[in-house]
Amino acid sequence: MQLGMVGLGRMGANIVRRLLRHGHTCVAYDRNPEPGRQLAAEGAEMVSDLPALVATLKPPRVVWLMLPAGQITEAAIHALAGLLAPGDVIIDGGNTFWKDDIRRARELSEKSLHYVDVGTSGGVWGLERGYCMMIGGEKAVVDRLDPIFAALAPGRGEIPPTPGRAGRDPRAEQGYIHAGPSGAGHFVKMVHNGIEYGLMQAYAEGFEILKHADSAELPQEQRFDLDLADVAEVWRRGSVVSSWLLDLTAMALANDPKLDSFAGYVEDSGEGRWTINAAVEEAVPAIVLSAALYARFRSRQEASFADKMLSAMRKGFGGHQEPKKS
Amino acid sequence: MQLGMVGLGRMGANIVRRLLRHGHTCVAYDRNPEPGRQLAAEGAEMVSDLPALVATLKPPRVVWLMLPAGQITEAAIHALAGLLAPGDVIIDGGNTFWKDDIRRARELSEKSLHYVDVGTSGGVWGLERGYCMMIGGEKAVVDRLDPIFAALAPGRGEIPPTPGRAGRDPRAEQGYIHAGPSGAGHFVKMVHNGIEYGLMQAYAEGFEILKHADSAELPQEQRFDLDLADVAEVWRRGSVVSSWLLDLTAMALANDPKLDSFAGYVEDSGEGRWTINAAVEEAVPAIVLSAALYARFRSRQEASFADKMLSAMRKGFGGHQEPKKS
Amino acid sequence: MQLGMVGLGRMGANIVRRLLRHGHTCVAYDRNPEPGRQLAAEGAEMVSDLPALVATLKPPRVVWLMLPAGQITEAAIHALAGLLAPGDVIIDGGNTFWKDDIRRARELSEKSLHYVDVGTSGGVWGLERGYCMMIGGEKAVVDRLDPIFAALAPGRGEIPPTPGRAGRDPRAEQGYIHAGPSGAGHFVKMVHNGIEYGLMQAYAEGFEILKHADSAELPQEQRFDLDLADVAEVWRRGSVVSSWLLDLTAMALANDPKLDSFAGYVEDSGEGRWTINAAVEEAVPAIVLSAALYARFRSRQEASFADKMLSAMRKGFGGHQEPKKS
Amino acid sequence: MQLGMVGLGRMGANIVRRLLRHGHTCVAYDRNPEPGRQLAAEGAEMVSDLPALVATLKPPRVVWLMLPAGQITEAAIHALAGLLAPGDVIIDGGNTFWKDDIRRARELSEKSLHYVDVGTSGGVWGLERGYCMMIGGEKAVVDRLDPIFAALAPGRGEIPPTPGRAGRDPRAEQGYIHAGPSGAGHFVKMVHNGIEYGLMQAYAEGFEILKHADSAELPQEQRFDLDLADVAEVWRRGSVVSSWLLDLTAMALANDPKLDSFAGYVEDSGEGRWTINAAVEEAVPAIVLSAALYARFRSRQEASFADKMLSAMRKGFGGHQEPKKS
């Protein structure tokens, strides 16, 4: 199949690469010409603007956007909507808010354009491992695009099949699903990221407890000086907490056992926040996912106003004078 | 009544003062002679060691310990146990772990000594407002000591009576209760402090949300520059969140609206921790009380290992390079 | 002053009553004629629809809406906007989402109508205690309405003044503030309610720990059978956790010590949810306020899907067969 | 090597089996003769009491206890201590509290007996997958027992090696580590379980959000009816949240998509609780691990006293009458 790609950051470029390797044809555009040079050498056809992209693609066209979510993606969709023809498809593979998908699909349908939202997991490993995709949109359109998704997906690989799946959608075992109508793809991806935050925080807290097992707050005979790299490694085999995140943790600790190369400042992306908003909307008690997000917020604060409030109250009722942070 | 006081820190000294003002007699000891000088001028009889204290008190003696919980209190009790006579009473008014009370009461009863644990709230305001006391021990002993407790307690004051309390223990309205057998006093005081942490954190989070209502993360037209001192003040009258902690907050913000005099480093005492341990033992889901304690732990960390773990994982799966903390 | 009131639920009717008692004039409307009958006897002028309300009021008119937030309030504002004249004022005293206030103020200003949002705390006690009000809107308009707010506010009462407030806005000590531009009133009220949730949950968890101090999970000699009504009462005097919520708790426990009249099903209103959304938008770690909200969500679930997931995993890795809930 | 096994529950019996299959010799005892019948047929030598076990084993003896933690294990160790000879080894492979390990090792060393604590993960899958083991004790003793541990461990298997481990302890890659002195094994296993709780809760909350994506609390056009079995399956390949727990979740959902076979009542074991206690002792903010434990506590409550408290307060300040749970 032929696909147009807009946005050649790491994700976009590697998606093009993986498609090319699977025999698909790609026309690509990025406002920065740099990343396209290498891709051209690998077989992609580079164009210099959106009109050229649309002109080059054969109808019905399929244009995949891999751009920062928000205004940049919104503007690109608006521009494409003025260029594409009825029956063409826009895929948004970025980290878009699912309610924006619902709105866009409705707006584009008025021009007989199709919109498909693809939550894409895989990060820097996707080129090699394949991309796990959660797809939202009209069934007929998603079915039509199946060769694209099948090529990008990881496939069954060496992962053992799940017993009891006979008769179920075989795409899930290949690493992609049609989750539902517009927005469903990004909704499922959003929750994926929310869970990711929770899993990461669970490991992080556990390893911090291991780390501080030699804390001076403990009696001398109850302290342990544990080798965290070995702990992470041993849990990779036969334990209940084995996971890909643990694999990555074991790698990080093997190379930097005290993680001195990190400052402890942790960003968060929209999905973690939207997951909490969704939980609140649904009245689901998502305390762990919320706590995981808040831990990131807190990591970025030097001295929080809330903490100063606590000190002020303690001084008020008890005359406690808190020490200054060193 | 006559009371022996061991430990003349702010709490101990003010307890002596309040008893003297109510016509009681006090013999007092502190290894540091300084705080006793002023108390002697106010009518306390100062002694220079524990044997002198015991020799000076008339049997059956009542000795109140107001010392740092843990080893110092434990040692004083051990020393007193060798000096006192059957029928004498040791009161521990400090912040002792309630299981220690249970053990001590059992040990002292073998020498026919009585042990009373008094959880004492009031801080620097106790001399003026009176002390809220939660008492554990044998009924006959607690009853015998009633004149002491009645003098120390705040009394009904101008606080409106609670409807429906006819027939209930009138001491609660005076600001002290006999909570139960040994340990019950400190247990109730422990939970009091656990709640205190939760209340403080609730205010602290709320005021931080108000504070950051002008955050650059928000759209310009949705930002507010709120006067936190006025907000705290207005809530003192007619709102659902009025409390003594809010009164103290209003004072602090009136004098230091940005709380610049605080570094955001917040200590915790044993009671907050023991409250969590008690919740875990009882299988009670105390998430707010736990979160309040953990916020204090976090306030004292510069860069947490947990946060570095998160950054290490993010780098692992997404190639994210976190910014360094400024 | 003359005020038009739309909505005569408990809050609306009592606001009218309090204004009448302070010598103000009220014209009132509710689609249900019942609540107005008694108010008419107390001096309010009742009208039968919005046009009559507008016709009766003297310009510049002031119309206070005390209606359920959301569509009902929105529809009333839309209707009034078509009836009122330039310079007239609409006050929304309900629990409106603050971003709706910002939008409405902008829309109404195009018709030279003024909009004032008033977060109103006081509940069933407001008639007697007065209403704590957090006000958003244009300064000149809020100033013009001052007689109304001054009458509704609790006033200084017997609450001791906060030291250090010399030179600050005296309205805060009377129980009302002009918090900022449109939306600021409801924003502050929203956070008030968020804090309220946190405070309530802190008490609730603490009392549950006290309640289960006699749990069979504990060793026999470490159990206490505590009188929760007395504990709540004693903390009202001299303790750090005294508050109005504690006063209410003491009343409830005095009359129903085991709270058998409650099923443990707890509603939440929009403000608690919006507070979390605001925290997420501002990147403020509001873990206690979130946990308090989630506890209410959880209280309304019989058997949560999340819990079933846990059991399913436990069965998967350990063969654990969870007992059925009785 | 020759090993004595005490306790032939599922774990104990399968450990014997795995050792026999690897050419080791086992003498086994359980007070219930049933489980031993099959094991005898597989090559284990069954004995009828502890003295017979000791008499049958050749010195220096190695006795592995696989019994319920607490009094039962404690009693068995006490009995064995009276039977074994200097130089013999007791291994506790159960879920023992790590501070008990420290105490026992000290007590047994007075009789020149060695004590090794082995945190063992693997559950019902251990016979097939091998057991992940975290070992505490004296280096020379742990080294001497290496053939046992090597046989029980999963081995490298098909799990890709972690780059950068050259020069590190090769046992970690085989699935077992010598974590440190006595107690270190169970300490690391405890934190493993604490993390396990956190991971499970993160998945559980995420899937509950997916589940309720069709909640009637949401606007009609924003609802999704998601196939959770397919979502779990798709995340197994190429996503960031892939893990063994997710594999198990996919199995459970494939066979029981609504998890109707579960009541939502979730047990917890000691390790989750001890992890929280350790965090509190170390002053590590373990909010996610705590929340995960508390969710289990909550799952076992019908109507919590805390929730009734909330309703009582709401009635107090707002006259809210909560609906009864159906």
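Order as written gives the chain letters A, B, C and D; numbering starts at 1 within each chain.
The rule is simple: a residue touches a chain if its C-beta (ideal position, glycine included) is under 8 Å from a C-beta of that chain, and two chains touch if they have at least 3 such contacts.
Just so we're on the same page, UniProt names per chain: A, B, C, D = 6-phosphogluconate dehydrogenase.
None of the values given here were measured: they were computed from a predicted structure.
> Show me the overlap between the contact partners of chain C and those of chain D.
A, B
> In the chain contact graph, what is the shortest path length, in steps, from chain A to chain C?
Minimum number of steps from chain A to chain C: 1.
> If I rank B-C and A-B by number of C-beta contact pairs, which comes first?
B-C
> By mean C-alpha coordinates, which chain is most distant from chain D?
Between chain D and every other chain, the largest centroid distance is to C.
> Indicate the whole-number Å distance between the mean C-alpha point of chain B and the mean C-alpha point of chain C.
Centre separation, chain B to chain C: 31 Å.
> Between chain B and chain D, what is the separation of their C-alpha centroids in Å?
Chain B and chain D have C-alpha centres separated by 38 Å.
> Taking each chain's centre as the mean position of its Cα atoms, how many Å separate chain A from chain B?
Centre-to-centre distance between chain A and chain B: 46 Å.
> Among the residues of chain C, pick out those that touch two or more other chains and give their numbers.
Within chain C, the residues that touch at least two other chains are 123, 125, 201, 203, 205, 208, 212, 240, 244-245, 251, 281, 283-287, 291, 295, 298, 300, 304, 306, 317.
> Flag every residue of chain C that touches chain A in the complex, lowest number first.
Where chain C meets chain A, its residues are 240, 268, 273, 276-277, 280-281, 283-287, 290-291, 293-295, 297-298, 300-301, 304, 306, 317.
> Tell me, which parts of chain D touch chain C in their complex?
Answer in residue numbers: 10, 123-125, 200-201, 203-205, 207-208, 211-212, 244-245, 248-249, 251-253, 256, 259, 262-267, 287, 291, 295-296, 298-300, 302-320, 322-325.
> Can you name the residues of chain D that touch chain A in the complex?
Interface residues on chain D, with respect to chain A: 99, 102, 121-123, 125-126, 129-134, 153-160, 162-165, 168-169, 171-177, 179-181, 183-184, 187-188, 191-199, 201-203, 205-206, 208-210, 212-213, 215, 217-218, 221-222, 224-227, 229-231, 233-247, 250-251, 254-255, 275, 278-279, 281-289, 291-292, 295.
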